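Two complexes are shown next, each including chain A; its partner changes from chain B in the first to chain C in the second.
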Partner chain A sequence: MEEIRSLIEGFGVALSLKNVGLMFVGVILGVVIGVLPGLGGANGVAILLPLTFSMAQSPGGTTSAIILLSCIYWGALFGGAITSILFNIPGEPWSVATTFDGYPLAQQGRAGAALTAAFTSSFVGAFIATVVITFLSPIVAGFALQFGPPEFFSVYLLTFCAFVGMSKEPPAKTLTAMMTGFALAAVGTDPVTGTLRLTFGSVELLSGFDFLIAVIGLFGIGEILLTMEEGLAFKGADAKINMKVVMQTWKELPRYWATSMRSSIVGCFMGIVPGGATPASFMAYGGAQRFSKDGAKFGTGKIEGVVAPETAAHAAGTSALLPMLTLGVPGSPTAAVLLGGLLIWGLQPGPMLFVEQKEFVWGLIASIYLGNIAGLIVVLTCVPLFAAILRIPFAVIAPVIMVVCAIGAYTVKTNMFDVWMMLMFGVLGYVFKKLNYPLAPLVLAIVLGDRAEASFRQAMLVSEGQMSIFFSNGLVGSITGLALFLLAWPVISMLIAKAKGK
Partner chain B sequence: MKIKLSRKFGVTAAALATALAGFAFQSSAHAWEPSKTVEFVVPAGTGGGADQMARVIQSIVAKHNLMKQSMVVVNKAGGAGAEGFLDVKGASGDAHKIIITLSNLFTTPLATGVPFNWRDLTPVQMLALDQFVLWVNAGKPYKNVKEFLAAAKGSKFKMAGTGSKQEDQIITVGIEKSAGVKFIYIPFRGGGDVAVQLVGNHADATVNNPIEAVAHWRGGKLRPLCVFDPKRMPYKEKVTATMSWSDIPTCKEQGLDFDYLMLRGIFMAPGVSPDQVKFYTDLIAKVRETKEWKEFIEKGAFNTTALAGKEYADWVAKEEARHVSLMKSAGFIAGAK
Partner chain C sequence: MEKGGARHGAIGTKGVELVVAALFFALGALVIFDSRRLGTGWADDGPQAGYFPFYLGLIICVSSLVTFFKALTIRPERDKVFVDSAQFKLVLAVFVPTVVYVGLIGLLGIYVSSMLFIGFFMRWQGKYSWLKLGMVSVGVMGVFFFVFEMWFKVPLPKGPLEAALGLN
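Moving on, here comes the complex of A and B:
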C-alpha cells in the first residue's frame, strides 16, 4: 500500500516536537477565534498568514506553517459549535443547524452533553473525511470536474427544498422566511451583469448583507430580547460541572452510528464537490430527522440532532481541502486563505502537487489526523468550563454577549453601520420568534441565495434559457429530481396519510 | 469604545506577529514615516491575485523589517471593490492607508456609476502588470489561435471568466471585435473556479492569469494559445516538460490583434504630502529588491514594468482612456444602454 507508507512518512514529519507544539497553539487560537463571533476562521488564518511566511523559509518549514494554519482552522471549526449551543449564536454558517437541538439541550441543563456530542461528532466527521482523502484522493479528486453551473444549482436547490419539506412550521411560513432571505441576499452587486441593485445609492449597502451580521443579530440579539421578556433567566443554570458528563455522553453516542455514517457521506460529498459545509450540515440534519425513530422530536433537544450537522460540517470542511490541493479550488473562505498561503510559500496547488511535493502533502494529511486529536483533547477538557459559563447570572452575561456581538459585527468589515444593522436584525429576529416564523431558512437563504442565483443564471447563459439543462445528464437530473421530490414531500405524505386513514 | 477595542485587537495581532517572528527594530532616516499601523486595503476578496500580492508585500516588509510600524491587510471587496476605493477616497490626508488596485480601479466606476476616479487618489507606485493568456482544454484539437478562431466561428463557444464587466469580459469582447467571432461569456467568482470549469469542459476557453492556470497546464489539462502582451513573456525556465512561459506566442504574432495587461499598483488617500508618498515608493523599492519578491514575480510570470511618479500617473491616465473606449464599445458603461 503506497498510501500507507507515504502516510507513515507523513506522521514522521508531523510528529516532531515543534510541529506537535504548533498544533496545540493553533487549535487553542482557533477555538478562541471560533468562539468570538465575527472573527471567524478565515480572518484568523488571514491575520496569521504573514507570520508563517518566515517560517516557510526554513527547511521543512512549509509543513510547519500549514500545520499551524490548518490547526487554527480545526480549532475554529470546533469553537463555532460552542456559542451555537450555549447562546444560540452560530459563529459560522455551518453551525446554524447545530443550534436547532444544541440550544434546547443547553436550556435543559444538558449543555455538557451537547458540547461533548458536538465535539466528538466533529472529530468523527473529520476523521472519516481524512481517511477518504488518504485513500481515495486520486479517484475522487476528479469528481469536482463534473460540476458545472447546473450541477451546482441543483445542489443548492436540493438544500432549499429539503428545508421546506422537513420544516416543522407550516411550509408557507418557511417559504416566507426563505423568500425574505433571498430578497436580502439580492442586495449589492448583481453577480452576472455586475451592476448594483437595491442599494438605493447607499455606500454601506454596496456589499450587501453579510451572513455574520444577520446571524449575530437574528440569533444573538433576538434571543437576548426574548429572554429579557420571558423573565431574565437562563434555564441552563443547573449545568453540572464535571468530566463525568463526557463519559456519559460517549456511552450514548454509539447508538447514532447510522446517523454519523450518513452525515459523513453527505459531508464528504459536499466537501469534494465543493458545495460547502453549510449545505452539508443542513442536509445531514434533514436526513437524520427523516430517518431517525425520534424524528418528530427533533428541535426539542435531541443529541442526534447535534451529531448529524456537526459530523457533516466537519467532514465537508476537511474534505474541502482535497479540491483545494488537487485543483486549486477552495471549498470554503478559510480554504481560500490557506490556498493563498500555499502560493505565497511557493507551492503550486494542482494535480502536480501530490507528485512533486509528496513530503508536504503527506505531512499535511498526517497533521489533519493529529490536529483533530489535539483539538478533541483541548475542547473536551474544556467542556465543564464552557458549560459553567451558563451558571453566570443573566444580568452579567447578557451585557457581555451584547458587547461581544457588537465587536463581532464591527470586526467583519470594520464598519459602524454593521453594528446598527445587527441591532435591526435583532429586532427582526425577535419578531420572527414571537410570530413563530423559523429563522433558519432566512439565514440559509442569505448564505446560499447569491450563490444559487449565480449558478442558476450561469446555467441559463450556457443553455440559452432552456430549463431542460437541469435534467441534461444523469448527475444533475437525479439531484434536481430528488430536490423536487423533497419539496413535494409534505403534500405526498399528507396524501399517504389520507389514503391510510380511509 | 467598541471601535477602539477591535482596532486594538488588529494592532495587537499584528504586533504579536512581528514580535513572534523575532525582529529587532532598526532606525532609518526618512522625512516622514508611519507613526502607527499601516492599513493595506485590498479592494477584492481573500485569496485572489491582488490579495496574494498584498500579503506577500506585508510579509516581506515584516520579515526584512522594512518599516518600524506593522502593516495589516484589510479586504474591502463590496460592490466590485467600490467599498475599498471609497474608503480610501474618504480618508483624505490619512497617510496610514494604502490601497492595491487592479483593473476595477477603472471598470467599477464605469460599470456601476459609483462616484470615484483614480484622480481622487494619490498615485504611488506601479508594482507589476499582470498577464492574460488564452487557454483551451488540452483535449481539444485546436493547437493555435487560428484553428481555435476557425472553430469558434459560427458555433457558440463559452468563455468562462472572473467577474462581470471586468478585465476578463473586456478581453473577451476585444477578441470578438478583432476576430469577428461571438462568445457566450459566463462570469464566475474567482480565477481558480474558472480554470476548473475549463478543465471540466464546462467552458471552451478562458483568459486566466498565468498563476491561476499554471497548475493545470503543468498537469497536462490545459493548453495556452497566446499571451495578450505585445511582447512575449521573458521567463525561459521550463514550466512543463517542453514549454516555458516565453514559448507562448503573443496573440498579435498569431494574428489576433488585441493586447491587455492589468495594473497592479499602489495608491494613497488624497491630500497626502510628497514626503509621505516618497516613504512608500522607497519602501516598495526595497521590497522589489528582495529575493522573495523576485521569486513571486517569476512564479506568476508578471510583466515587471514598474513606474512611479508622473510616469505612473500618465500611464494610468492613458489606461483609463483606453478602458473608457473599450467599455463604451462593449456597452458596459452604467446608464448608457
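Moving on, here comes the complex of A and C:
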C-alpha cells in the first residue's frame, strides 16, 4: 500500500518537536478564535497567514506553516461547539444546528455530557474524513494529472455552479455575489496581456484586491457589526467537565454509531463538493431526526442531536481539504484561505503537489490526524478556560478584535490602504448577511478568479474560441454537464414543486 | 439613506434590497464599460483582456435585475425590518470609532491609536475605571508589540511616540 508508506513518512515529518508544538499552539489559537465573536476559521487563518511568510522560507518551513494554519482551522471547528452549547450562540455558522439540542442539555445541567459528545463526534467526523483524504486524494490527484485547461475550467465551473444549485440563498443573489468576487479578482494587471483592468487610474488598485483583506473584512468586521446589533448579553451555563462525565458519555456514544456514520458520509460528501460544513450539519441533524426512534424529542436535549451536526460539520470541514490539495479547488472559505497561503508560499495546489511536494502533502495529512487528537485533548481539558473568554464583556472584546483585524489587514502587504479596504468589506459583509447574500462564493471567486480565467483562456486558445471544447470528450463533457445541471437546479426544483402542487 | 431612515425608527428590508441591487447593477455596468474599452473580442494572440470580465459584468447586471424586481414585489405590510434605530445606534457605536481609529493609525502609529481606541471604547461602552482600561490597553498592545516586532519581526506602523522612544 503506497498510501500507507507515504503516510508513515508523513508522520515522520509531522512528529518533530517543533511541528507538534505548532499543532498545540494552532489548536489553542483556533479554539479561542472559534469561541470569540467576529473571529472564525476563515479570517483567523487569514489574519495569521502573514506571520508565516518568514516561517515558510526555511527548509521544511512550508510544512510547519500549513500545520500551524490547518490546526487553527481544526481548533475553530472544535471551538464553535463550546459557544453553541454553553451560550446558545453559534460561534461558527456550522454550529447553529448544535444549539438545537446542545443548549437544552446545558440548561438541564448536562453541559458536560453535551460538550463531551460534541467534541468526540467532531473528532470521529474529522477522523473519518481524514481517512477518506488519505486514500482518495492520491487517486483523485493521479486522475487529475491528465487534466488540461478545459478539464480544469470545467471543475471550476462545477464548483461555482454547485453554489448556485445547493446554497439556501436565492440563486440570483448567489450569482451576484460570485460574479462580484470574480470581478474583484480581475482588478489590476491582466496576467496574460499585461493591460490594466478595472483600475480607473487608481494607483492603489494596480495590484488588485487581496482575498485576505476581503476575508478579514467580510467575516471579521461584518460579524462584529452584526453581533453588536444583538446587544450581546452572554448568559452562559457552567462548563464543568470531569473524567467521570467524559467516561459516562463515552459509554453512551457507541449507541449512536449509525447516526455518526451517516453524518460522516453526508459531511464528507458536502465537504468535497463545495457545499460546505454549514448545510452538512443541518442535513445531518435532519437525517438523524428522521431516522431516530426518539425523533420527536429532538430539540429538547438529545445527545444524538448534538452528535449528528457536529460529526457532519467536522467531516465536511476536514474533507474540504481534499479538492483543495488535489485539484486546487477549495471546498470551504477556510480551505480557500489555506489555498491562498499555499500560493503565497510558492506552492502550486493541484495534482502536481502529490508528485513534487510529497513531504509537504503527507506531512499535512499526517498532521490532520495528530492535530485532531491534540484538539480533542485540548478542548476536553480546557473547556472552563475557553468558556471564561466568553465571559469577558463585549466592551473589552469588541475593540480588541477590531485591532486584531486591522493589524491582520495591514500585515498582508504592510499597506494602510488595505486597512481601509477591510472596513469597506466589513460594511459589505454586514449588508450581505442582512440581505441573505452568501459570502462563501464571493470569497472563493476572489481566490480562484485568476486561475479560473487563465484556464478558460487557455482552453479558448486551444479551441480557437469554440465553446464546444467543454464537451469535447467524455470526461470534460460530463463535468460540464453536471455543472450546468446544478446551475439549472433552482429552476428544475421549482418546476418539480409546481408539478407536484397541481 | 440608512442614516435618514434610522431617525424615524426602523428601516425596511425592501428599500435596502432595492438600493443594493441597484448598486450591483451599476457595478456590473461599470465592469461591462471597462471591458468594452479593453476589447471583448478576439485578437491575434487569443481572447482580449476584456473577454472574460465582459461576461462577469453581464451576469452581475442580469442577476441584480432579478433581485431588484423580486424585491419590488414585496408588499409594504410584509416588509421585514432591516435594522431598527436602537440596533443601528449600536452598530454605529462600534463602526464610527473604528473609522476614526483607522484614520488615527496613519498619524499616531498602530500602537498608540489602538491603546486610545480600546481605552475609549471600554470607558464609553463599559464604564471601566481608568486603571482597568489602562491595564487592558497597554497589556494587549504590549503583547502585540512583543509578538510582531520581536518574535516574528513584522514591523507595524509607528508614530511620533515610538520615534521619541527610539523604538523604530
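We adopt the following convention: the second predicted complex is superposed on the first by the 278 of 502 C-alpha atoms of A that agree within 3 Å, B and C clash if a C-alpha of one lies under 4 Å from a C-alpha of the other, contacts with A are read in each partner's own complex, and residues count from 1 in each chain.
Here is the rule we go by: a contact is a pair of C-beta atoms (placed from the backbone, for glycine too) under 8 Å apart; a residue touches a chain by one contact, two chains touch by 3 or more.
All of these numbers come straight from a predicted model, not from anything done at the bench.
Once chain A of one complex is fitted onto chain A of the other, the partner contacts of A:A488 are absent, as it touches neither chain B nor chain C.
Shared-chain residue A:G350: touches chain B; no touch with chain C.
When the two structures are aligned on the shared chain, A:E453 is found in touch with chain C, with no touch to chain B.
Using the contact criterion defined above for the overlaid structures, shared-chain residue A:L51 touches chain B and also reaches chain C. Once chain A of one complex is fitted onto chain A of the other, the partner contacts of A:G188 are limited to chain B, with no touch recorded for chain C. After overlaying the two complexes on the shared chain, residue contacts for A:L225 are found with chain C alone; chain B is out of touch. By the touch criterion defined above, A:G208 lies against chain B but remains apart from chain C after alignment on the C-alpha atoms of chain A. Shared-chain residue A:V396: touches chain C; no touch with chain B. In the superposition on chain A, contact of A:P333 is made with chain B only, not with chain C.
Shared contact residues of chain A with chain B and chain C: 50-51, 54, 190, 192-193, 195, 403, 406-407, 410-411, 414, 416, 419, 461.
Partner chain C is touched in their complex by these residues of chain A: 50-51, 54, 170, 172-173, 175-176, 179-180, 182-183, 186, 190, 192-193, 195, 197-198, 200, 221, 224-225, 228-231, 393-396, 398-400, 402-403, 406-407, 410-411, 414, 416, 419-420, 423, 426-427, 430-431, 434-435, 453, 456-457, 460-461, 465. Residues of chain B that touch chain A in their complex: 2-3, 5-7, 9-10, 13-14, 17, 20-21, 45-47, 51-52, 55-56, 58-60, 62-63, 72-80, 82-83, 86, 111-114, 156, 158, 163-166, 184-190, 192-193, 195-197, 199-202, 211-212, 214-216, 218-221, 292, 295-296, 299, 332, 334.
Across the complex, chain A meets chain B through its residues 42, 46-51, 53-54, 57, 144-149, 188-196, 199, 203, 206-208, 323, 327-330, 333, 336-337, 339-340, 343-344, 346, 348-353, 403, 406-407, 410-411, 413-414, 416, 419, 454, 458, 461-462, 464.
By the touch criterion given at the top, residues 13, 16-17, 20-21, 24, 27-28, 30-31, 34-35, 38, 42, 45-53, 56-57, 59-60, 63-64, 66-67, 70, 82-83, 87-88, 90-91, 93-95, 97-99, 101-102, 105-106, 110, 114, 117-118, 120-122, 125-126, 128, 136, 140-141, 144, 148, 152-157 of chain C touch chain A in their complex.
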